[in-house]
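Below is the structure I would like to discuss, written out as structure tokens.
We just call them A, B, C, D, E and F in the order they show up, numbering each chain from 1.
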Amino acid sequence: MTATIKSNLPVFVVIMPLFVAFVLPTFARRIRLVEGLVTATTALGFLGAGYLASLILIQNGNPINYSLGGWSAPWGIEIQVSNLSCFFLLMVAGVSLPIALFAADNMTHEVGGPQQTTRFYALYLLLGGALAGMAVTSDLFNVFVLVEVATLSCCGLVSSSNHPWASEAAFNYLILATLGSALILGGIGFLYIITGHLNMEFASHELNRVWQGYPHVVWIAASFLLVGFGVKSALFPLHVWLPDAHSAAPSPASAILSGLAVKGYAICLIKVLYNVFGIALIQDFGIHRILTLLGMIAIIAGSVFALTQDKLKRRLAFSTVAQVGYIFLGLGLANSQSLTGMLFHMASHAVIKSGLFLAAGAIIATTGKNRISEMAGVGRKMPITMAVFTICSVSLVGIPLFSGFVGKWHLLLGSLEAGNRLAQAVIIVGSVLCAAYLFPIIRVAYFEPTPVADCRDPGLPQMIALIMLAAWVIILGVVPGPFLELAKRAAIDLLVMK
Amino acid sequence: MGFTAVDYGTMVMLLILVVASLAMYFIKDLLHAVIVYGAYTLIMALVWLQMNTPDIAITEAAAGIAMTVLMMVVISRTARKED
Amino acid sequence: MKTLLDSLMVNYPYFAAMILFIIGAFTVLTRSNLFKKLIGINIMESAIFLMFIAAGNIRGGAVPILDKANPKALYINPLPSALMLTGIVVSVSVTAFALALIIKLYQFYGTTDARRIAELKKEVASR
Amino acid sequence: MTDLVLALASGAAGGILIALMPRAGDRLRNIVALIFSAAGTLFSWRVAGAVFAGRTIRISGEIAGLAWSLHPDPLGAVFGLIVSTLWLFAGVYSFGYMAEEQKQRTYYTYFLLAFSVTLGVAFSGNLLALYLFYELLTFATYPLVIHERNSEAMKAGSKYIIYSLSGAGAILIAIIIVYSWTGNLDFTGGPLLADCGLRPGLGWVLALFVAGFGVKAAIMPLHRWLPAAMCAPTPVSALLHAVAVVYSGVYGIVRVVYSVFGHELAGQLHLSHILPWVAAFTILVGVIIATQQDVLKRRLAYHTVSQLSYILLGAFTLHPWGLAGAICHMISYSTLKVTLFFGAGIIAKGTGKVRVSEMSGVGWQLPRTMAAFGIASLGMIGMLPLNTFWSKYYLMRGSVAMGKWQLALVLIASGLINAFCFIPTVVAAFAEKGEQPVLEKGSAMGLMLAPTLLLAGIALLIGLWPGLVWPGVDAVVNWFF
Amino acid sequence: MKLRTLPILFILLLAAYVVLVAVAELPPYGMSGNPVQNQVSEGYIENAWEETGVLNMITAIVLDYRAYDTMFETIVLFTAVLAVIITLKTTEKEGGGK
Amino acid sequence: MRDFILKRVAALLLPFIQMYGLYVILHGHVSPGGSFAGGIVVGLAFIAFTTIYGLERGRAKVPEKVTTLVESYGTLWYGMMGMVGVFKGAPFLANKMAGIDLGELGALSSGGLIGLIGLGVGIRVASTMITLFFTMMEEEP
């Protein structure tokens, strides 16, 4: 039995949340059972991811290949648990567990009764499963299908909100995301037409053999994929859907959308760019320069837009736009340090942004205020919530001892290695701007004189979730140990041509 | 170039598809646009039949009709004319 | 230009697919009616499907269903077709969800025009 | 080792303890604050004693795979001594000054936390730890800056945060570059970059470091947060914006020039021939602007800007005499400036007068205060019986020895302008004798007055027997040369 | 045709040109020697019937070789249904919807 | 009772349409078509029934409870078919590898699990179409 589970673990990590999601709607009347199932599933997923990661670390980064249905690579679909997958799996599981805890018994005012809440959880698990699938997949078309599952469940999560604007946000998101999917499918199509393979390894091998015959096609495929994944992961000029969607969604949904979903698409882009095109092609075609430039623009513009927002969740949403810029910047600098930094920043931002959104959700739920200027004195009434918010903000700015610093450190080292002075300056300016848009919230919450009427810290599960996220932030900042090791190895893996 | 009759037939159908898609852009009455969409999916199914993939043709025909029906349902519940 | 057109004529299904794709994108981006946006999305997706299907086809090939009488026929590549089966399902799902959202939006705002909805939203926000 | 940990921990522990007792009375809170500041002071003296005795104290570890260490050397020990001693004085002064203020709990919490963090800056033995404490200092002192909670204070606070974080960003880039060159950030084993030799980009690194630390050290184009931050309570202004925070910037620059680059490598850079002139510019312009200010605390703030650059000037001479002058000035200036601020605070509390133009006759109301103020003003000129004379002497000697005798002239000129800056105030304060009552009464006033007078006395004492501080200065100079 | 649409039209026409240049470069349509008709497709055609036991190769691929994709396809449908219901059924009947 | 002819014709035709849909589902592995197309056809038959006979009678034929169950367990069915492979010691979704008898080529029962999976998917798709239709038709109170 255990041997079966062990040998099938790569696929179980993906399908377990999905299976639970299938049966959830039939338990709608027993909401406690639903919550328990969801939490147990995410916890199990975390265990599974941790086991896989330890396995990978022990066997020195050798990937585990798993052929679905027993059909080997060019014919069947193969999933590959590599360093990158383990890193992302751990990140997904580690963040979705506290979010599930936070959602427990807390969704009524934002989503509705038990049936709606059950559907919300089902969508949540579907998104989790799709993200896990993205982490391990090594098949181009499978990427597209997973992206679609993730997109639809994201939109569903957004539209689950009772908020009247949620539907509009969800519609815009859906349309733009589907446009993105069509572009992604187009890009995959071009790659398939010239290589005849869908498995990433085979496609990469073939592509590097034949690309001289089709320079324009490679260009178009790359730009289709870039724009497609760019829309989905809210790269700056294509981010227009994000602020509405992430601020209208229920708070746990915002947390997972900003924290994980956006990163899932980024991981897919990383896989497609580095595992299919390969670093040599990226540099030949100058794609990395475009990525760097877009990343820098996103950092500055996202931060500046965030500064002008007064609504708490919108400000956090724009902050996500800025932080996605760091991911693309690290992706574009294309050396092992910057990729390490990018991956680590991805993880730390996932934790941080989830913490920020959950804390914001708790504040908005208890005070009923969603404007920053109305939040005076929240810090005294909700000490733990606000403490978590503060820890996350400080970490996002990038102070040592917190997780944000580690990522930025490696990103800076990477930009130094790439000889890109401007990137360094932008990273620093981004940090300062980040402080400029996050600290006013803390200042208002702690130091403004007039207190809000009546509010207190949320219930026990919510508190556990918040404290868990804060603990992640500090653990990642002080002893990232194996996690950083995974990121480093993943970065090196990406740069090695297979 | 050695085009056969099948090729020319396909070309004509593709041309119809382009025309239909342009029509859908310009038609103001949404119900009409949806009807054109139904025709579009059917012709698309025919094109795929020409391309030796009857499975996809059947599926597209069924899915296209299903989508058309759903769209009509929704139009019956919302506004019919484009503002 | 001449050679470009020639190659485009050889690749006419791809050519048509890309034209449809662009028309679909244009519809999505410029039409403010939600239905039109939805139709545009569908056009785009079917254009990509067309591209895939055309890629798998062989002119004069056989339908990829094993003919016991003639097992050595020139069968076309079945893979793109299989992929597009999934693609069609995806596009149906997206359409269904978008339609649901349109109904919801109509219930809220009484219109299916994106620009009008944005205006109404701004009015509500300013009030 | 234990002493080091205790010195750092006592402030933090006290701050947390105060934060955790919301309903404690003022007296109890004051006692706790006093005990913990005294403990911090005691242990940092013990650390300094051990360092001067030549023992090595070192704690090291790793954050996220990067090594950090606490390893006080003579320079750090001197800085730690200054900070801890003055913190004790400022604490006592606060008990009087803050007696009737609101939000004392927040004040003392962050007061003690900032103490810890500043000692951390002093004792850090590696660039990462230095950076960490330097960043934390910003956050620990921010609530003190916005203590008044009015819009002016909030604006000042935002300015402070943005300036400090930008500076820290510049430092981070520089640290990254150093790290990528050496793979090591520990500066206790001799100059960090000594093995690298002269290489392109070195000047940029120095410029980044100087700009980064220069924000807190208030080098002239980067000084604007300092006058704005003067809206904080007086003990905070005295301690943070005349000593602790700004000194952490100055200390950082000295540290970088001598411990990261080393005087030999720094001497080979073109930049180090420009930096003394930047400092000289700041000295002159700062003090000239100071004479234009009417609000006493603002005048003191610009004066601080000017005086900090004395230290930098000494450091940038890259000459043993100059460094000796810088260290001397660090010690002597801090005592005098805190005296001046304490005096200004007493005037504001006692009479409600904050403007220089209103101060005629104040001297007879607050005779002892104004006496101390007068002594400190004289010290700012650099008159003989006061400790600043010696520091200026070494600074001039250092500049001449370095071959830039013009800098000595700048120092003399600034001394003269300094005279214009404060002496007229003191004279006016004693000029007009009215029927005003003497206000120096009561326990609160006593708590404020005692540290003021004591500091003025210490300044005089050091001036008369410079041998009191000379071993420390000597140790620092020997450490680096 | 409103003025607002002109820039978008311009950009899309530009994109169309670039895409068409790429399309012209693709392997010619409908040839049996194209990269797509490689060992993968041959493998399916030759082995599908004995490896899966069905005549229709597309079904063989959909439900056996790439059944994992198809599972996700059904999941997409499931997700869509959930999303539709969560959007439209905001009011809940008592007793779990009879 | 408004449209007698329509109702009669529907009553005659709809069973055949459903039969056709089931045929397409069941014969997906030997002839063109498949579970998805067939499922849609079956679903469309129900939709036509509802449009002709009215929402209430349509709902009575396929209650919401049934669709919910089919949705959930129909999707789970696929996963369970995949787990058959796992239980037999083969990878997830294995068919021949799991040692399942593939049957005679071209017969309705050929293909091992493929037929079963297809049947499940087909019914599920039909239920999906019905659910979508009813959800969009039913007015919110």
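In this text, contacts are C-beta pairs under 8 Å (C-beta built on N, C-alpha and C of every residue); 3 or more make two chains touch, one makes a residue touch a chain.
If you're wondering where the values come from, they're calculated on a predicted model, not measured in any experiment.
Common neighbours of subunit B and subunit F under the contact definition above: C, E. Shared contact partners of subunit B and subunit C are E, F. Set against the Cα centre of subunit F, the chain with the most distant centre is D. Of all chains, the one whose CA centroid is most distant from that of subunit C is D. The pair with more inter-chain C-beta contacts, choosing from A-C and B-E, is A-C. Of all chains shown, A has the CA centroid lying nearest to the centroid of every protein CA atom. Centre to centre, using the average C-alpha position, subunit E and subunit F are separated by 21 Å.
Subunit B and subunit D have Cα centroids lying 78 Å from one another.
Averaging Cα coordinates per chain places subunit C and subunit E 9 Å apart. Spacing of subunit A relative to subunit E, judged by their CA centroids, is 24 angstrom. Shown for subunit A are the residues in touch with two or more other chains, namely 15, 18, 22, 25, 68-69, 141, 145, 148, 152, 155-156, 159, 167, 170, 192-193.
Contact of a single residue of subunit B with at least two other chains is seen at positions 53-56, 59, 63, 66, 70, 73-74, 77.
Looking at subunit F, residues 30-32, 34, 36, 68, 71, 75, 79, 82, 92-93, 95-96, 105-106, 132, 135-136, 140 sit in touch with two or more other chains.
Pairwise chain contacts present here: A-C, A-D, A-E, A-F, B-C, B-E, B-F, C-E, C-F, E-F [touch as defined].
Interface of subunit C with subunit F (complex): residues 63, 65, 68, 85, 88-89, 96, 99-100, 103, 107. The part of subunit C that touches subunit A in the complex is made up of residues 21, 24-25, 28, 34, 37-38, 41, 44-45, 47-48, 51-52, 55, 79-80, 83, 86-87, 90, 93-94, 97-98, 101-102, 104-105, 108, 114, 117-118, 121. Residues 54-55, 57-59, 61-63, 65-66, 69-70, 73-74, 77 of subunit B touch subunit F in their complex. Of all residues in subunit E, only 2, 4-5, 8-9, 12-13, 15-16, 19-21, 23-26, 28-32, 34, 36-37, 40-41, 44-45, 48-49, 55-58, 60-62, 65-66, 69-70, 72-74, 76-77, 79-81, 83-84, 87-88 touch subunit C in the complex they form.
On the side of subunit A, the complex with subunit C involves touching residues 141, 145, 148, 152, 155-156, 159, 164-165, 167-168, 170-172, 174-175, 178-179, 181-182, 185-186, 189, 192-193, 198.
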